[in-house]
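The first chain written gets the first letter, and so on, giving A, B, C and D; residue counts start at 1 in each chain.
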Amino acid sequence: MSEATAISPPVSRLERIVEDERFRRTILFLIVINAVLLGFETSRTLSPGTMDSIMFANKAILGVFVVELILRISAYRLDFFRDGWNLFDFAIITVALIAPSGAFQVVRALRILRAFRLVSTVTSLRRVVEGLLGAIPGIASVLFLLVLVLYIAGVMSTILFRDVAPENFGHLGISLFSLFQIMTLEGWAEIATGVMAEYEWAWIFFIGYILVATFLVLNLVIGVVVSSIQSRIESESAINMAAETQLVMKELAEIREDIRLLREESRSRRN
Amino acid sequence: MSEATAISPPVSRLERIVEDERFRRTILFLIVINAVLLGFETSRTLSPGTMDSIMFANKAILGVFVVELILRISAYRLDFFRDGWNLFDFAIITVALIAPSGAFQVVRALRILRAFRLVSTVTSLRRVVEGLLGAIPGIASVLFLLVLVLYIAGVMSTILFRDVAPENFGHLGISLFSLFQIMTLEGWAEIATGVMAEYEWAWIFFIGYILVATFLVLNLVIGVVVSSIQSRIESESAINMAAETQLVMKELAEIREDIRLLREESRSRRN
Amino acid sequence: MSEATAISPPVSRLERIVEDERFRRTILFLIVINAVLLGFETSRTLSPGTMDSIMFANKAILGVFVVELILRISAYRLDFFRDGWNLFDFAIITVALIAPSGAFQVVRALRILRAFRLVSTVTSLRRVVEGLLGAIPGIASVLFLLVLVLYIAGVMSTILFRDVAPENFGHLGISLFSLFQIMTLEGWAEIATGVMAEYEWAWIFFIGYILVATFLVLNLVIGVVVSSIQSRIESESAINMAAETQLVMKELAEIREDIRLLREESRSRRN
Amino acid sequence: MSEATAISPPVSRLERIVEDERFRRTILFLIVINAVLLGFETSRTLSPGTMDSIMFANKAILGVFVVELILRISAYRLDFFRDGWNLFDFAIITVALIAPSGAFQVVRALRILRAFRLVSTVTSLRRVVEGLLGAIPGIASVLFLLVLVLYIAGVMSTILFRDVAPENFGHLGISLFSLFQIMTLEGWAEIATGVMAEYEWAWIFFIGYILVATFLVLNLVIGVVVSSIQSRIESESAINMAAETQLVMKELAEIREDIRLLREESRSRRN
């Protein structure tokens, strides 16, 4: 939003409203209230009257959100859709509007995603999420390797073990789920011993897969750690180093000035 | 305590007693004895006589602690309550005094918290705990994001799965517990497959939640690691760098001195 | 490959073909198609006709791979076998050629390993894998220690617990599997309590083993982290430092030039 | 050993033997053979004849070890006992000598500890183990905090939950084992839900304990990582920095030389 205003200096009245701190705080307050009420709504011990009030309040708040979104779109027009966070808000509100029309639980459950607007509304949280997402490109190739290993192990385990352990390796989808589970090291021994009861050599597959998968996960973690440490520590150490270098450079500049004076004196004496 | 004395130079007789090293060591010794005896008290193979002796000893030690606390409060008066660790001691002793009056196990169990006075009494342990707590502000925003994700996933899973798996997602409280459990990767596959037996698509929710939650936990860990490494390694590397720069600066100072001498000689020759 | 061409400047016509970007992209495309089709092949809901088409396509693609390999070997001759990745491709294709002749599932399952040719064909993935493998020599001695601890704990647990818990410690092989499982902390408590029902002191063995094994695993992880951070962060910080030093060195060079000029002027005046 | 010889320059004939590279390699070879044979001894499919041969070989090798130890003690006398690794060897051999006399499995199982002599015999492995142990002092205070938390939680949980879940919290010893298990996050949910069936509020204890315990474990890990990174990376970066500083210092020295020459010329001209 701030960038949009930077581009278009003559700030319209609408923009002044949506950029107003009190306006933003009100929206923030309503997001929190909405999240809490959606939590209460899951309770089954509430009286029908209370439940009706909560549902009415949620609808009213959604109404405010819709108005806010329309105001912001009117204010920035096409610029609005150039910011990822605005698109995020737009998608959330759209889902929220569709939600009540659907009778399905899945659609109703998605309404709580509105609480994520907390992140898009509070600048410091936006920064944190942008920082977290910023680590992903650095780990993309290791992530791809991990998915490749998962896929290859999935096809292999389906062919090898589907008749022995159909509940874990019955088809490619189940195999991938089981291999993801093994990657988290949760209950892997149970799956492995089940297969090993029939094929004794299967430990080679499982232990090999665990070693490769956890090594790749470790390298994913390292990728995130390194990108995080690089951006945080290095900036500081660069500042430290620059300060020291400036000290040296200042001293050198004074030496050059001394030598310049010396030459001038030398020349003036000559003439 | 040391700060309090720094503020009020004329040290009273009471202060000299409570600051005395022998006094502190005695209290430390009693804390350890008390902790060990409270451990013995849990045993059910002790004779009633031994048990009575232990309980008497614990009461006597508590009496000493109360006297010590009164002495320290008398010595520092209001300054006493300005130090977080003093408040910690005060709260522990207060709980210990209330504890025997209550017949409930919960209140009796809290008495062992007195052993934490080891931390407030030994300066090096206080430093360590202060260091550990010092890492928390740096991770506050990621922690908030994690709690937000937990809450949103909690509401969603309650709405979606409460009829299928009431033992895990029956109401918001149970859902949050189950999601915390899934975050620790303990037994997550069992919960997930239970739900997936009814809703096949539920793997999207569970694997999505695991990826997001573990990524946030990883970033919490990175936050702690970075704040810890920053405070430890950087200070040393700054010292190293400063030493090198000083070497260079000393050399530069001597060069300037040489040039100054050169100019003086040059001037003296001129005259 | 690129190194081989660097050695032999007069590039043959064959080499120009196998180095051609379009040629490589075609092979890459076929690798991906092949991997996807081998995944489909695991499905049991496909009609026999579709299955026949898939199997025919896979055979045709394998034929292309064989031709590609022969072209590359003809182009580089003995140099071909000097590159690890070429040997990798050679082994994969050889296994793929043997696979259909075997009626066994194991041999059929190995065909999907062809998908790993994605790694040997895409240069950026090769770099990543080379980077990952590059961390291994640095952790070799800790890895050896871990294997030694595993072996010693394996022999000890077999002697001690084989009569109490034959399903976990019946012979050395099973013991090693159980100890690897305990090292991943998966279901260790179940194994331990099973043994402790008979031998109460067994907790010393299990908790001792867990502490030692996880400490060694932690040091393996640190080894990988350090080697990764060294190669990534240090190179950048070296560049930063070099830039600063160059700034200082340039200034020093100009000072020397100033002094040289001063001496020349001084001399010219003398004459 | 090398230090001992450094102290006593006139090397005796015995010392020359035990320091001989061929002597050490022979011992190393016997340690490996011994470890492998002790592994074979656990097999129950060996013929009695083979088993007898193996046991005879093991006894013979133990004999060689005893002779080697006597030679080394004779060579260095009291200096022998000043090296921690020598004491380690001495303890291992002593246990091995006592082992066969005991009829108990425990004593027999301890014989495989001889394989750890690989570490004390190979210098590079000794260095690695010394490095690993070197990280422990740095984490001592956090380790103490963790043990304190474990003890306090142990006493509390015994008092609170012993009647509800005697299999996990029946007495202080079992409680400590259960809390160690919960700390590894293995099966913690099962223990917690067992207790929570009776006391609903128990989740506060378990989740609080998990948060505190894993935070302390994380700080243990950080302690090891930091001490490891400090010793490895910093030494290198210090070398890099020193190299750069030397470059600058060399340039500065030449500038001083230039100025010195200038002053000399200036003086010679004056006279």
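One rule holds in what follows: a contact is a pair of C-beta atoms (placed from the backbone, for glycine too) under 8 Å apart; a residue touches a chain by one contact, two chains touch by 3 or more.
Just so you know, these numbers come straight off a predicted model, no measurement behind them.
Chemist: With a step meaning a move to a chain it touches, how many steps does the shortest path from chain A to chain C take?
Modeler: 1
Chemist: On the document's contact criterion, could you list the chains that touch chain A and likewise touch chain D?
Modeler: Output, common partners of chain A and chain D: B, C.
Chemist: Would you kindly state whether over half or under half of the residue numbers at the chain A/chain B interface are used by both copies, giving same or different?
Modeler: Under half of the interface numbering overlaps between copies: different.
Chemist: Measuring between Cα centroids, what's the chain most distant from chain C?
Modeler: Farthest from chain C by mean C-alpha position: B.
Chemist: I'd like the Å distance between the centres of chain B and chain C, where a centre is the mean of that chain's Cα atoms.
Modeler: 40
Chemist: Express in whole angstrom the distance between the two chain centres, defined as the mean CA positions of chain B and chain D.
Modeler: Spacing between the chain centres: roughly 28 Å.
Chemist: Multi-chain contacts in chain C: which residues touch at least two other chains?
Modeler: 185-187, 225, 229, 237, 241, 248, 252, 255, 259, 262, 266
Chemist: So that we know how the chains sit together, what is the shape of their touch graph: line, ring, star, complete or other?
Modeler: The chain contacts form a single closed ring, each chain touching exactly two others.
Chemist: Could you run through all the chain pairs that touch each other?
Modeler: Applying the touch rule to all chain pairs gives A-B, A-C, B-D, C-D.
Chemist: Using the touch definition up top, name the residues of chain B that touch chain A in the complex.
Modeler: 141-142, 144-145, 148, 151-152, 154-156, 158-160, 162, 171-172, 185-190, 203, 207, 210, 215-216, 218-219, 222, 225-226, 229-230, 234, 237-238, 241-242, 245, 248-249, 252-253, 255-256, 259-260, 262-263, 266-267, 270
Chemist: Please name which positions on chain A make contact with chain B in the complex.
Modeler: 35, 38-39, 42-44, 105-106, 108-110, 112-113, 115-116, 118-119, 124-125, 128-129, 132, 177, 180-181, 184-187, 221, 224-225, 228-229, 232-233, 236-237, 240-241, 244, 247-248, 251-252, 254-255, 258-259, 261-262, 265-266, 269
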